[in-house]
Amino acid sequence: MQKLLEKFKETRNYSVELCKPLEIEDYIPQPVDFASPPKWHLSHSTWFFEEMILKKYFKDYKIFNPHFSFLFNSYYHAIGERAIRTERGTNTRPTVEEVYEYRKHVDSHIEKLLENNKNSELEELIILGINHEQQHQELLITDLKHTFSYNPTHPVYKIGFNLTAQENETAGWLKIPEGIYEIGFEGEGFHFDNEKGRHKVYLHDFEISKHLVTNGEFLEFMKDGGYENFKYWLDEAWNWVCENEIKSPLYWQEIEGKWFSYTLEGLKPIEPNHILTHISFYEAQAFAAWKGLRLPTEFEWEVAANQLNWGKRWEWTYSAYLPYPKFKIAEGAVGEYNGKFMINQMVLRGSSTATPKGHERKTYRNFFHPKYRWQITGIRLAK
Amino acid sequence: MQKLLEKFKETRNYSVELCKPLEIEDYIPQPVDFASPPKWHLSHSTWFFEEMILKKYFKDYKIFNPHFSFLFNSYYHAIGERAIRTERGTNTRPTVEEVYEYRKHVDSHIEKLLENNKNSELEELIILGINHEQQHQELLITDLKHTFSYNPTHPVYKIGFNLTAQENETAGWLKIPEGIYEIGFEGEGFHFDNEKGRHKVYLHDFEISKHLVTNGEFLEFMKDGGYENFKYWLDEAWNWVCENEIKSPLYWQEIEGKWFSYTLEGLKPIEPNHILTHISFYEAQAFAAWKGLRLPTEFEWEVAANQLNWGKRWEWTYSAYLPYPKFKIAEGAVGEYNGKFMINQMVLRGSSTATPKGHERKTYRNFFHPKYRWQITGIRLAK
Amino acid sequence: MQKLLEKFKETRNYSVELCKPLEIEDYIPQPVDFASPPKWHLSHSTWFFEEMILKKYFKDYKIFNPHFSFLFNSYYHAIGERAIRTERGTNTRPTVEEVYEYRKHVDSHIEKLLENNKNSELEELIILGINHEQQHQELLITDLKHTFSYNPTHPVYKIGFNLTAQENETAGWLKIPEGIYEIGFEGEGFHFDNEKGRHKVYLHDFEISKHLVTNGEFLEFMKDGGYENFKYWLDEAWNWVCENEIKSPLYWQEIEGKWFSYTLEGLKPIEPNHILTHISFYEAQAFAAWKGLRLPTEFEWEVAANQLNWGKRWEWTYSAYLPYPKFKIAEGAVGEYNGKFMINQMVLRGSSTATPKGHERKTYRNFFHPKYRWQITGIRLAK
Amino acid sequence: MQKLLEKFKETRNYSVELCKPLEIEDYIPQPVDFASPPKWHLSHSTWFFEEMILKKYFKDYKIFNPHFSFLFNSYYHAIGERAIRTERGTNTRPTVEEVYEYRKHVDSHIEKLLENNKNSELEELIILGINHEQQHQELLITDLKHTFSYNPTHPVYKIGFNLTAQENETAGWLKIPEGIYEIGFEGEGFHFDNEKGRHKVYLHDFEISKHLVTNGEFLEFMKDGGYENFKYWLDEAWNWVCENEIKSPLYWQEIEGKWFSYTLEGLKPIEPNHILTHISFYEAQAFAAWKGLRLPTEFEWEVAANQLNWGKRWEWTYSAYLPYPKFKIAEGAVGEYNGKFMINQMVLRGSSTATPKGHERKTYRNFFHPKYRWQITGIRLAK
């Protein structure tokens, strides 16, 4: 229990740490539907502890502010009415200072609870809350990058904090033989419901790349007219390219014939040996088609994971996000965590440079709509 | 070759047959993007033979009308510019009569070609053209039903031609044991590229229903507030229900407390023992969740198919439309037939009462976006 | 009364006359919201006589088809539910033949009524119905042109019937002195409610052009970068130009450096000395600004009308469509004819080559949203 | 000159004064296109002085920050590229503190300029800048109210600062006789270009109300089903009501059968004797129609103004915003101030409780699209 308490404090503190370089102004805007303001992430992760734990387990708990339940619910219908998702950036009150007070209030109550309690159900919910907060730490930083990217002055978040400047450490192809493999989480430790239900799949022979696609490789695709030739693209992807006039990965801009990219350290030149990022599934698939190769499935990825060097990019797979054979949706609000998104999303495996340490897992199933690019995504090829 | 010629004539004739009950006016409108007018189906299936076969194999072939290549291309980028998909209903010329002349012109040339030719590549393309036309025969009739459904006068297509009035002939559950199974087309005969690449999958024990869900069963879901309770629905599905105010299957309307449905024989009362149809994947999945059951995967369906009574409805599976392990896209325009749609669509298996006889196959992979309802779709449950 | 009967027959017959060159297919499509299919115009103008006259004045009148009241109402809320305006092109039934039967049925009843009746209220309503039908004759032909313009085969409506090939017969400027002038309809004869209420306005000295702007003059504006320079355009107009990538008048296309225009005789080269047409108010105003001149107000136009040569184009004025000082909305459905459109529309004066003979009047107030271009519009300058 | 300097300082100071009750967070959001964040108003009004005056008249002026020219230009095409209007709420940097430094920088330079300069052109531009800033002071407070209105916690801007709690001081009707009247600005003193060009209009007899419509009168319209009966509404207005499900003035909400309104002092009950506000032209016109009366034209208003008690509400007129007979657009960027908006907007006369003192003028022509409601608008009837 002591260990859990420490993990709790450490996680809660890391969210605060991430916000240290921010000005008050930076906590507010939400330029797009799919991203949220820092203030919202700080509040919502706190709300989760209050709503799912304190209300139930802390005797005579006094809600910090009854409005917050409405303001900081994300998508849990079971809990009641929510603020409209696209209006998160309109609420200036509570102030940032009040949000930090809210955090302290909830933290102190959770800490008291943990000191006096030996309840495995409670423990599990706190671990879920910690993992939930870690997910929002990753979103906080990628959402912030997105908001900053709209600013023509290219704001610097923090010198030395650049999520996208890594090189590959390995190369070549890994061969995996045909056969029956086991997929899904196994053993002790935290995991989400969507990884559950260890089960067998049959895989045919395949090879998977030991390195992730680099900026240099992708620039070749661009030079070869990759963005202008329909034949590499899925039909829906081609419409996306044409309607949005996509000509490069997200955050890239060409200035006098040279490519630059907005980073959390400001605008930087594209380094060819750095690992490519901020691409959609559409682009990942088109690049693979141009190469005459393909993306791995999430099963191939998981089977190969122990022999791969992963953790720098969320790697797009050519697997749709669907339930595992034994998947069951949990009762109540917690059941809305994952299952209801199992349609029209693609699975990403691995983790990224924005993922909090210790949050990654080889059976982890991340998922996004194929068009999204604001996460630290990347490409690993298979054949 | 003689047999192929007969099959060709028979198929071409069946399209004309389907249009016999139509008035000239009925050939024109396209009320929605996803459906096309009869005139377009008749022309496009003809264009396919002219474009893919006659231009290449018929010596000194004279194109019937150079405009038609532009007007009746559907989605083949490789062939050049196309008329905008949503404007198919705006073109009144060529007239219906000219379209029938076009058909005769192409038919006579294909027939001549077949009489004089022993080319297996040509033969394969003609078989592809026949199957292509059969697909458009199914669409022609379902698209027409959709157009007619907008008309408050409930037009009758033909008495005795009602696609949706069938009952189940079997009931109960079929058990399939765990193990390795082979999936995909095998042997001789026509099949699409997306069924190719026979391969192994591992299936866990499952049971699949021997009957399809009926109107009566679905009415219970409706009475139990199925359309009003978010908890049965995927998140995207719930948005679809709310935004479109969906309250029943497509074409249903409540008149003085009784449910009716538009059919090709006009407005008819809903029969509880008839098999349900015109539902989206969203509704199929929500119904299954309400029952505490699930939809089968396309692999489970294919393995069970020999022991099932199928063919009345396109059955939604909980499998995304993705490439089989050995899938390769063909070179040239024919390569655009299937592969480029492998994203954000769900697989339907079986066939429907609108499918031309002989076109169905147990390895057939039909696919639509989960929201579509105008095809003769249905639900088979699994557990 | 005999004269009215003849006028009635003549008008009704002219609608049929206008449709003689059409194929059945041409009666159906509605490619855009603001235009309607020929079938709808034929039916709606007939419905007006049935709904507003026969139901009330013809004893024991038997409605031809109760569905038609719903299908062919345009915008009269007072009469009840209407078919959705944008779905006029989806209804294939009633067939064109049935519509012609409907016309005959209504015609014969109106004729009987007129033979036996001496009711000035009835007479007035029939005159209103005749004028209403004349308005729809003009729309029928301009809407048809619009539908045909989508067709890459450039259908020919009728050789010798070209609405847009006229030259100016006069030139120079007409000076009008400052003073009080009377505006609005005066005397006997038919007129719409929006022209009523003869009243005084004070006009300052102005000059108005005796000729309409030609294609040649407009080509100079184009060559001078008129469509690319924001400074000639109203703000809303500039957004319209940019969003729709407007680069020329409607129906114009550049082929190998030469300008052509779709006409009802097919594609024709632009003649510099022909009078310009198919331009929006936005373009008219921008052209005037480029010239350092302006458009006349509707009051200036009306005061000058007797000394001008008008009738070839609907001439955009820089007057918003607002009620005259003494304007009163009539009771009942007829009151919805004009008054409710008095917002965000600009007044056009004169008449066009598509206006049926005898329908024009110098006090006539036509009105459209400033973006519309499918009518036979033109520019007369003032200073 | 001394007086101008004082007026300049006073105006600049009032903007800062208005922002005193704000938290940093409140300076940021832009929930809708038509409103802007306080930070933007403070910066843009400053940019106007820098761009239009300092760059030209202050020798060797050093631009405070070259990015600001891009960020804080509103709609002046002549000055170059602008930040996208709808993205004003996304820019968190410059910070609020930096914006205040920017203001001080520009203020001190303008002050120096004014102390050393006797240039009437410069003086005129500074007066324009002052009036421009006053317009933005009014928008700042109404935009802020709009942003706050999204917040379910009903933020209080400042106790004692309630823009909407006024009663009428006069009642009855004022009669104005038929005749020629002069319209437009006359004499010395500041005025906008759109008021210029004193000219004659002819007015017929009319009566204009001495009081503005109250909440109580409007509640009667609501109780009588005003929002549900198409016959009072212009066609475009009725579409607006239906699409947006409009049921009351802006900011009103019904709680347990009682009407409340969000104000800058928080949520307050509707007082029947207070003057109605936050209504669109559509609602103003519908209310007048329901009463069997009408709105005055802007000419009637101006002629009656000296005998009316005005200044609490911007009063909708039934006049479109069009150029006066002698209107000329000025050369250069200043010419974009007014003229380019002269289409599809309605004129409002008077001024409101949010208008800075001394900014109002009886010839002032304010204008908005008929749908907007977030300004302090009101209704004065005529007959």
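The letters A, B, C and D name the chains in turn, as written, and every chain counts its residues from 1.
In the analysis below, a contact is a pair of C-beta atoms (placed from the backbone, for glycine too) under 8 Å apart; a residue touches a chain by one contact, two chains touch by 3 or more.
Computed from a predicted model, the values in this text were never measured in an experiment.
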Common touching chains of chain C and chain B: none
Taking each chain's centre as the mean of its C-alpha atoms, which one ends up farthest from the centre of chain A? C
Nearest whole angstrom, what separates the Cα centre of chain A from the Cα centre of chain C? 57
Interchain centroid distance [CA atoms averaged], chain C/chain D, Å: 37
When you check chain C against every other chain, which residues touch at least two of them? none
Among all the chains shown, which pairs meet the touch rule set out at the top? A-B, A-D, B-C, C-D
Which stretch or stretches of chain C touch chain B in the complex? 23-29, 31, 39, 67, 70-71, 83, 87, 89-96, 147-148, 150-153, 155
Of chain C, residues touching chain D in the complex: 75, 77-78, 180, 199-202, 204, 206, 230-231, 233-238, 281-282, 285, 289, 294, 318-320, 322-323, 325-326, 329, 335, 340-344, 370
